[in-house]
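In structure tokens below, several structures.
Presented sequentially are two complexes of chain A, the first with chain B as partner and the second with chain C.
The block that comes next holds the complex of A and B.
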């Protein structure tokens, strides 16, 4: 299904930075906050990539584990060989997105939700997370305090001297159209937008495969979103 | 050859052994020691691996040999510079003291890795984190191991590879003697405190000596020392002064947290400070690890890249006590050959 995985991994400069040679000491896993909570072992991911075994690399691309990393890069600070498993993960994630392997795992499929929330927010507001986007109905994990803040947003932000959606300086200020345009261009030139489209494309394929379609047989992304939220 | 004069820099075991061998061959030998007594770092050591013998006996027998063979030992003198003076060497020391010699042997030893650099292990911050050197000093002085609270530890973690095989501290080489030192100290703790659990956190056990593996076996079988394959990521002090450590048990593929009463860091060997000073001023070449470079690592291990300047012991690379003594003898042999071949 996939070809030249090793070559494609190596083409990413972050792999050169992230993987010199791993000696399996386990310091990265020991320091990793994600490893404390999930069945997740950055050391074994580094070793798998180092082995060059394409079958095992493909399994990583299609699996949940690469999505557990929080990209905190604690591993970078401690590795006695100056490796950085966090960067190896970044490279694997991108390859998983580009090849569509991400739709094979529950954690991978969440990419679609991230593109639609954080991904859209950054281009729309200039913020990854904007108070307006954290709707209590879709973010129950935020709890009642957030609900109260959300409902009294302008008063609360004014009380902490923020400049919510306002012109001029200050926290949470409105990002000017010129800056938003520039941000958009950065995403265009750097391949970010293309990656958004790739994720959407494969997610649509998955929706169709699952029979989440409209009357014309096309992917119904509303239904797919609902599926992902409850998966 | 009998009128030739050799200056030996460093009165540790390498310098003492080489000096006495050379003197017994009829050479005039001056042994120059920066401290008030010879024996070097072994003076602080309690017991040697793998036979648990006393370094005091070794040091005093070397001192007797040195004295009896007619070596002139000079104390409290640190050489800062070696200069060529015609066919000879002029050695400069503190207070403008000078020595002249036909050959120089650098036996200036090693430095112990400064464990405070590995800040995440808490040495110097947490009272119950000590080094393998501290362990020996305490055992020699007090004959017992106690926590900072004054209690006998019930759980001790021994951490391998501190300051060795670690690009983060700039030492990518193996210090070689720490693995067996850790096993020796683990056995000593277990014999002293039979109820104390001892854990060794290692990456590879490099038990290169012919009898080292049997000590490992003994540690597991008789003393129930537990070996966990994983390097320590960090240590933190708890309110009761115990130490929480984090590692991965890599054989199980699981992160591990453990609370122990004491942590012992097996600190590695680094190029000596005195050696570095000599290198800078004498264009002596160092190897990739900063130790003195030999002209040929197989058949001229003791020859420096400067003709007439030789080296012995841990100034060349990390080595154990027995190897250091053998190496010192080999240095003496090379110096004798040097005089036979080049200085008729």
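The block that comes next holds the complex of A and C.
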């Protein structure tokens, strides 16, 4: 079903940086915070990628495992061979998205939610997070002080001299349309938009496969989002 | 192959520029602690008489998107190149970076360009094609905490307060939490490397406090990018922070000092969330205050905790810490607006609602 997975992994310069003769010592797993809380073992990821076994690599791309890494890069510091399983993970995740394998796992499918939040914020606001997007109802962990900030947003930011949605410099200033346009162009030229679209495309296929469709039989992405949020 | 002299990380100092900085803000810090960035600029300009440029045209570096895998490396490199292009356009050569995720990302990109010149060429082409821009590589890239560390003695000389309990005369006990991407990816880019980080403890000691070591000092706060961003996975984030709080609790810290905007927010909010879930408060009167390097520097220099530093935006009250070092402040001004008028207040602050 997939072809040339090894070659495609190796085409990413980050693999050259992240994996050189892993000796299977397991230090990365010992230090890894994700290994502590999930069924996750960075050592075996490094070994599998090193083995070049296409079948096993395909299984990684389709499974939950690669999505457990928290990208803290603690493994990089400790590996005696200067490998970085966290970076190997980035390369695997990219390929999982490009091949559509990510929609086969619960953790992988969540990428759609990230495109729709962080991905959208980057191009809409020029910030990866914006106070408007931090709705207290979906962020109960933010607590009563954040709720107070959210409900009195302009006054609170102005009181600390931030420039929320304003012109000119300062914290949370409005990013001008010209600057936002440059970001769009960068995403267009360098493959950023294509990756968003790829994630959306495969997510739509999954929605249809699951019967989450509108009256015309087309993917209903609102339903799909709700499904992901509760999956 | 082995270097002749091994680096002694515990004494390792990186090169930090002295002046003329191009400031790169952090999305997370601007959202949650905008006052910290304001006070950083003011300390540089007004206390240390340095030149620092705050360019309205710079944007997100897209690093959070990169580490949650929706932004490809090629795009991330081009986004970073655009920030460098703005720096070049303004005639600067030194970057002062507010965010730890960005700092790690910029270093990753710079190291990639060094190892793989073809990636640099591709990035130059991408940026030119997309925006018509060109750029130079910065001569120095420092995180904001590096710069505060660099000038810690000058700050100490101007300090209005010291990190000493004004009642007992004892130094305050402070634990630090270093953001993972500060030095775990490139230890040589951090003061003291990653294992013996000195960047925050150096400040604590210079300003009179006691830096307290604790077993999980180097453990991640648990952000985990996709793990916090997706509600279903947030238990990962809170579990990692919990592990840290459990580890520091026996040392009774008066404060937690951070350099990462994400960590600063998480270590503040998760104390509240854990108290709500488990009923447990890890220290202090109603939680352990959490401050970043800029916020602490601002306090010791005598900046106003509310108007200048914006500490009212923290969930955990900072007042117990202010009282210990004797900071003068107006309790009633905490929840006031631009013109000093009262603007309503949070349902409660700290970990648990007070019963009185």
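Operating definition for what follows: the second predicted complex is superposed on the first by the 222 of 231 C-alpha atoms of A that agree within 3 Å, B and C clash if a C-alpha of one lies under 4 Å from a C-alpha of the other, contacts with A are read in each partner's own complex, and residues count from 1 in each chain.
The rule we apply is simple: contacts are C-beta pairs under 8 Å (C-beta built on N, C-alpha and C of every residue); 3 or more make two chains touch, one makes a residue touch a chain.
Because the structure is a prediction, the values reported are computed rather than measured.
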Touching partner for A:152 - first (chain B), second (chain C), both, neither: second
Partner chain in contact with A:67 - chain B first, chain C second, else both or neither: second
Partner contacting more residues of chain A (chain B vs chain C): C
First, second, both or neither for A:168, with chain B first and chain C second: second
Touched partner set for A:80, first chain B, second chain C, both or neither: first
Partner chain(s) touched by A:136 [first = chain B, second = chain C, both, neither]: neither
Contacts on chain A seen with chain B and repeated with chain C across the two complexes: 36
Interface residues, chain C side, partner chain A - complex: 25, 27-31, 34-35, 37-38, 54-57, 59-60, 62-65, 67-75, 77-79, 82, 104, 112, 115-116, 119, 126-127, 129-131, 133, 180-181, 183-185, 187, 194-195, 218-220, 222-227, 229-236, 238-240, 243, 269-270, 272-273, 306-310, 312-315, 335-338, 343-349
Residue ranges of chain A in contact with chain B within the complex: 23-32, 35-36, 41, 43-44, 78-82
Chain C-facing residues of chain A, complex: 12-14, 17, 33-34, 36-38, 67, 70-74, 76-77, 84, 90, 93-94, 97, 107, 110-111, 113-115, 117-119, 121-122, 126-131, 134, 138, 140-149, 151-152, 155-162, 167-173, 175-176, 179-180, 182-183, 185-192, 195-196, 199, 229, 231
Residues on chain B engaged by chain A in the complex (per definition of touch): 120, 161, 165-168, 203, 229-234, 246-250, 253-256
